[in-house]
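The structure under discussion is supplied below as structure tokens; questions concerning it will follow.
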Amino acid sequence: MKLIIAAIKPFKLEEVREALTAIGVRGMMVTEIKGFGSQSGHTEIYRGAEYAVNFVPKVRLEIVVADALSDQVVKTIRETAKTDKIGDGKIFVLDVEHAVRVRTGETDDDAL
Amino acid sequence: MKMQTKLGTVLGALSASLMAGLPALAQDMIQNPSAEQMATMVNKGDTTWMLVSTALVLMMSIPALALFYGGLVRTKNMLSLLMQVFVIVSVGAILWIAVGYSLAFTPGSPYIGGLSKAMLAGVGTGTYAATFSNNVYIPEYAFVIFQMTFAAITPALIIGAFAERIKFWPLVLFCIGWSLLAYYPIAHMVWFWAGPDFLSVPDFAGDIGLLWGWGALDFAGGTVVHINAGIAGLVGCLVVGKRIGHNKEPMPPHSLTLTMVGASLLWVGWFGFNAGSNLESNGLTALAFLNTFIAAAAATLSWVLVEQLRHGRPSLLGAVTGALAGLVAVTPAAGFASPGGALILGLIVSPVCYVFVSTVKKKFGYDDSLDVFGVHGIGGILGAIGTGILADPALGGQGWFDYTVFPAVAGTYDMGAQVMTQIKAVGVTVLWTGIVSFVLFYLIKLVFGLRPSADDERQGLDQTSHGESAYNY
Amino acid sequence: MKMQTKLGTVLGALSASLMAGLPALAQDMIQNPSAEQMATMVNKGDTTWMLVSTALVLMMSIPALALFYGGLVRTKNMLSLLMQVFVIVSVGAILWIAVGYSLAFTPGSPYIGGLSKAMLAGVGTGTYAATFSNNVYIPEYAFVIFQMTFAAITPALIIGAFAERIKFWPLVLFCIGWSLLAYYPIAHMVWFWAGPDFLSVPDFAGDIGLLWGWGALDFAGGTVVHINAGIAGLVGCLVVGKRIGHNKEPMPPHSLTLTMVGASLLWVGWFGFNAGSNLESNGLTALAFLNTFIAAAAATLSWVLVEQLRHGRPSLLGAVTGALAGLVAVTPAAGFASPGGALILGLIVSPVCYVFVSTVKKKFGYDDSLDVFGVHGIGGILGAIGTGILADPALGGQGWFDYTVFPAVAGTYDMGAQVMTQIKAVGVTVLWTGIVSFVLFYLIKLVFGLRPSADDERQGLDQTSHGESAYNY
Amino acid sequence: MKMQTKLGTVLGALSASLMAGLPALAQDMIQNPSAEQMATMVNKGDTTWMLVSTALVLMMSIPALALFYGGLVRTKNMLSLLMQVFVIVSVGAILWIAVGYSLAFTPGSPYIGGLSKAMLAGVGTGTYAATFSNNVYIPEYAFVIFQMTFAAITPALIIGAFAERIKFWPLVLFCIGWSLLAYYPIAHMVWFWAGPDFLSVPDFAGDIGLLWGWGALDFAGGTVVHINAGIAGLVGCLVVGKRIGHNKEPMPPHSLTLTMVGASLLWVGWFGFNAGSNLESNGLTALAFLNTFIAAAAATLSWVLVEQLRHGRPSLLGAVTGALAGLVAVTPAAGFASPGGALILGLIVSPVCYVFVSTVKKKFGYDDSLDVFGVHGIGGILGAIGTGILADPALGGQGWFDYTVFPAVAGTYDMGAQVMTQIKAVGVTVLWTGIVSFVLFYLIKLVFGLRPSADDERQGLDQTSHGESAYNY
Amino acid sequence: MKLIIAAIKPFKLEEVREALTAIGVRGMMVTEIKGFGSQSGHTEIYRGAEYAVNFVPKVRLEIVVADALSDQVVKTIRETAKTDKIGDGKIFVLDVEHAVRVRTGETDDDAL
Amino acid sequence: MKLIIAAIKPFKLEEVREALTAIGVRGMMVTEIKGFGSQSGHTEIYRGAEYAVNFVPKVRLEIVVADALSDQVVKTIRETAKTDKIGDGKIFVLDVEHAVRVRTGETDDDAL
């Protein structure tokens, strides 16, 4: 199995989720994160004092899928999260050795 | 002194006396009245107004000021500010009935009153306090509570200057000492007098505070409250030192929402503060109310416009800071200026304060965290001096009244002289509170220390001083 | 017009005059009194009530309305709503003293007043405003500030309709234009008259607003404030267009907690709005207060019950929306209806508004984000027409009074005719404000644009319009 | 009963009558006046004060109490508390005009009034309610709304005891039953009497509530409101049972910020509650206001000091809890005690309540989530008994007045006897409300169930009872 | 070493933490996440307008342990987090190449 | 590529970010987490009732870098995040099989 970690723009979340469900992804973990990258943050001014905000709000997806589905998931995220503007995000793929569904105890692919 | 308010209220007085079935004609007014006679000079409409104003001014401190300040600090210090304001107000109230009221509002010296009314000795449901109209009185308890809220909020204003880096109990100790040595004396100097029905009586003519005697005009506390607190704040942030990470880490306000709520409630409560300071409910009270409203609105707009020009967009923090600056500036002028005058004062104060909180502060590098000096100090000074100009009847102002004649008559207004008097009054206040504050902060720093450990400051005062978090979502 | 309030206050007037040591007998009342005579007809209890009511109505706008609206939007737009309300109120206040008061409350045409009191010329601590009782006056400044808060909150009500997608300065510009072309004229048409001691005087009898002349009843602003703002909101959301993601993405309220706080403070402040509109403090004022309370409570319950039946459980948003609908509906009826009438009005308004905010809005697909039309527009119309029924003395209502006779006498009540008058008044208001709003929005859209870029809208107005965040936890 | 307030207000009454152009001399006062005569005994300053106080007390319930309680629960239950308070207040208001006012404030038995004023029959803008001064009246509608807010907030106080684990509709049902069977009867027993101008009239002398007849002193509702709610809360949390995870999982307050805002607004609103209870605006009203302020401030400090000694640091939750305890304790004593007495009462109540909320609660293991019993129950009992001591003129108290004489005269004060009377009054209240509450809770539990399912409780009531979240950041 | 990622029901956090401490786990990272899976979310109704909330609040645990302990940790989480209701969560096991304790510089198993 | 996960003290975030930028790291994901470890939490007292708070607020960094840079990143974090006080945090290194930049579709090292 693979763990696919993706950082995307928050407003793209719904769209990506729907696209992934469409290709058979049955679960994911979503975290609100602060992203740092080439997309620069902004400066905020409080009573004339400037602060550089280096982080941009992003949403981080973690999806574990069977090896077979992995590439398609990456492709789907890429296509739906794309706005061609800097800051669209990244996708990373890691190997997962083992998976368990708490409720049933099913393991690996059956657990997903 | 608010002598001139006599002018504004002469009709009110007339109607009041008419309603009281007493002849309104001057020669029939009672000079030097007895308590029994005063009892017949009380109007329940005035009493109600004073009770309402008192509630409004308490609301200014809790929750308004606490939210305004708290919203501007980082989450980890939010609770500490709420706590500081809440406890300082409580201490201020107790101290006020214990000795404060007596020290501020009984005869003694031109600098401070006596202890004859300590623990409110002699004050009862049958004693009365003078207003600014001949033969118009309010229950003394109503005057006690109204002034109590002023004594309670003023020290709380100071804490914004060294927010996020102060030890709790030493701060409380400072507030006690400062009330005794700075607030009560200055309140006495600026506001104490025998009352309109007595000033013409030789025995009482001398019972006046120093600045009041000079003829300084301070309708609702520009010197006593704002300059007083603003200077103490500046001294405090210098003695305490900068926050760790000052100008290095970003320290954005953790909740501008709460800051806006605080500012809004401050605005609402300020009507009690300024219009309540007329001590009765008449046309002049309504004027003070209107001027307060206009100055705040005008200062909001001018601050927002300055930001639009400087940064290309207006900010909420700018808007509420402007409103506050306008409210501060109009405080001494509320019952003296014309609506047009209040408008101009409001338009001017924001740019001036803006320069102090942005440029000047950066330049000198002091860490007046929440701009107590930049807004209350500077705005208060501008307002105090401006009052000397705007009170001029030639500019539609209310002028001043001569209470040494009974009943009081309008005095001739000399703007130049009045402005000088205002400047002198500001000078005395700045010096007095500056010295007292420095000595107090310095001593407390030596004996108990003012600052938490660097680790505690980093972790935040909520956990380290109070063992709580403001939020546990 | 509030003619009939005379009925409710005749005893009050009696006691007032008795207290004033003046004979209460009609023939001894002063018709067409001079300012000096008016000065003797002022009661400080009334003055205090007007000052308090003014503070309460300001509180309705800041912070109450700002929180009510702000809590309903997404976090990224919270600050923009707080900012819009805060600045609009400030602009509204300045504009009011500049020209608004004069345009609304001086003689001119039946449609709009003149500029004789621009910059409050001629208004002073010694001028007075009429109430609805013969020979009862309040300081004119008190009337000016009370009405000022109405002029300030009404444009702020509109912004809920196109929240989360409007450019700041163009919005401010709209509010200025709308105040001049819609609010001041309609306030003049509905509320302007010479006063009870003058209407019987030939020279003044003609000084009345159009709808006031028709005999339309609007105690505290059902037409002037709520229908006026509700229609402008509807037009606005149509011209501005829907939010990106409307009906696609979920847009849950970011803080129902703050919305509830806002609703609660609106409820509290509304007592100043409705009961304050009686302009004096007597039994009728207390009735208006009670009716306001009852209608809000009843509407809260009926909305909650509708939800229980429709969705199987009651929601807080439903409860506070119901309360608001009840407050809106009772606004024109507050001083006319019996408590039972207010109860029925409250019970009815919620289901009606519910249908509009849920079904109708979905059906027509307009994006009235915070239901300004659905609650203020519809609730206001229902209340305005309902007032024609509930004011009938036959139903325990207060009826109306004929001020062309001096002192005023009760007029005979014709419910059918009154309801027709109410409907006509609603019609005029809807048309007038609808046209004015459309033209203004359209022009501003052409010249400056009303909407931020899609990217800015997505990122949120807090960052893109004001460079701040409401929260930095 | 508040007989003795006569003493405090005799001067007020004097001036009032003077102003009314009536001779102040006792023999000229009107015994058993007609409505027309009462109309001449109304002062608009009093009317305004009652309107303001009413608004302040509503603010105590929404938003103040809702925030105070809501901030103390976990995020997932925040909205449910806001909802419960909001709806209970609405139900309480409707029920009050339907039958409550009549049951509490019309003659009937010593235990409960009649239904002669159901739906406010016979109440109008021309009917008046008595105060505690001879020949001083207020519009009856003003009395109706003021008391309405008391009837609305009291049941809402109870819900803190079983917060986070109650079903919505059964709770509403309980509040209705409890108002009918506990609140109205006890309000009648403690507060109902014919008024100062009638008690000396044989026909009316008998129209008094049971405890009032005993001579129990309860200025603003120590028994009627706080003990009443505190005991009901204790019974409730016992019948409902503990929260899942009680003493296992940490359940920290989700927002002490909001709790502090709630506490602050409670403090501000309490001035209307306590000082408003004098029903007129005079020196005694100001004293009640001052005492309220002092007791809250003193209790804040004593709680904070207890914590400093016990835990080495003071907490904000401690400070606000102390303030609340002080406000509760001073409620029955507000118009009786001297400022010094209020100070002592405040200093004592916090340590006592502290022991109950920390030690006693832990010892007996009941889950009074928000300490309704520990603060309102215990603080109320302490205050009620303490009033018997502090009212003693020998201690600077206001004593009591004998209204069976016309006009009323000061009665001789027997502290021992008075304390006994107070204890008896407390006993009756505790028993009555204890039994009524138990029966009601028990029956509702049997018939409808009081508790949500374990799953619903775990997920939180916001989602499961109302389908909403308090926050969606 | 292994990185064990688990998504569980929030109210189970304390229980699981205690159970893990009992078997010798000395640290973890806890994140509040929005979970998407077969446990459907709920619909919220605002003024009659329905919104589907597709995400369910979950808590995400990350625990790095020595290989030896890995299975036991998975087992413990499974047993304590179990409620037999849909949405109990998932456990994933990934391989960790290297670990460092910032304070001491200790590496790998010593760092845990 | 490697995924470097680090839990550090919140007030060290800015410093670490700057140090990493200095050595050429061009992006990261930052999450606020609750940390559990040897650094014990604290007890909070509410109205006399004590609650043990077992978690300490930490900040979690996730950085994906080319293998070459990996060690240097670990070293840099270690040095900047260090305060020599308990609770300084941990650094974990995992292998990443694949990376994609959403905007351009660039993969692996080019995606970083």
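A, B, C, D, E and F label the chains in the order they appear, each numbered from 1.
Basically, a contact is a pair of C-beta atoms (placed from the backbone, for glycine too) under 8 Å apart; a residue touches a chain by one contact, two chains touch by 3 or more.
A quick note: this is a predicted structure, and the numbers were derived from the prediction, not measured.
Any chain that touches chain D and also touches chain E is listed here: C, F.
Among the remaining chains, those touching chain A as well as chain C are B, E.
Connectivity without chain E: the remaining chains stay one piece (groups of touching chains, all others kept in their positions).
Interface residue usage between chain A and chain F, two copies of one sequence, is largely distinct: under half of the residue numbers at the contact are used by both copies.
Chain C and chain F have CA centres that are 55 Å apart. Chain centres here are Cα averages; for chain B and chain F they lie 49 Å apart.
One finds 33 Å separating the Cα centroids of chain C and chain D. Counting partner chains per residue, chain E shows two or more touched chains at residues 31, 44-46, 94-95. In chain B, the residues that touch at least two other chains are 19, 21, 43-46, 48, 52, 252-253, 311, 315, 317, 467-469, 471. Contacting chain pairs (ordered by label): A-B, A-C, A-E, A-F, B-C, B-D, B-F, C-D, C-E, D-E, D-F, E-F. Taken in their complex, chain F has these residues touching chain B: 11, 14, 42-46.
The touching residues of chain D, when paired with chain F in their complex, are 250-253, 307, 310-311, 315, 317-318, 321, 354, 357-359, 362, 371.
Of all residues in chain C, only 245, 248-249, 458, 463, 467-469 touch chain A in the complex they form.
Considering their complex, residues 2, 5-8, 31, 33-38, 54-55, 58, 60, 74, 77-78, 81-95 of chain F touch chain E.
Those residues of chain A whose C-beta lies close enough to touch chain B in the complex are 44-49, 51-53.
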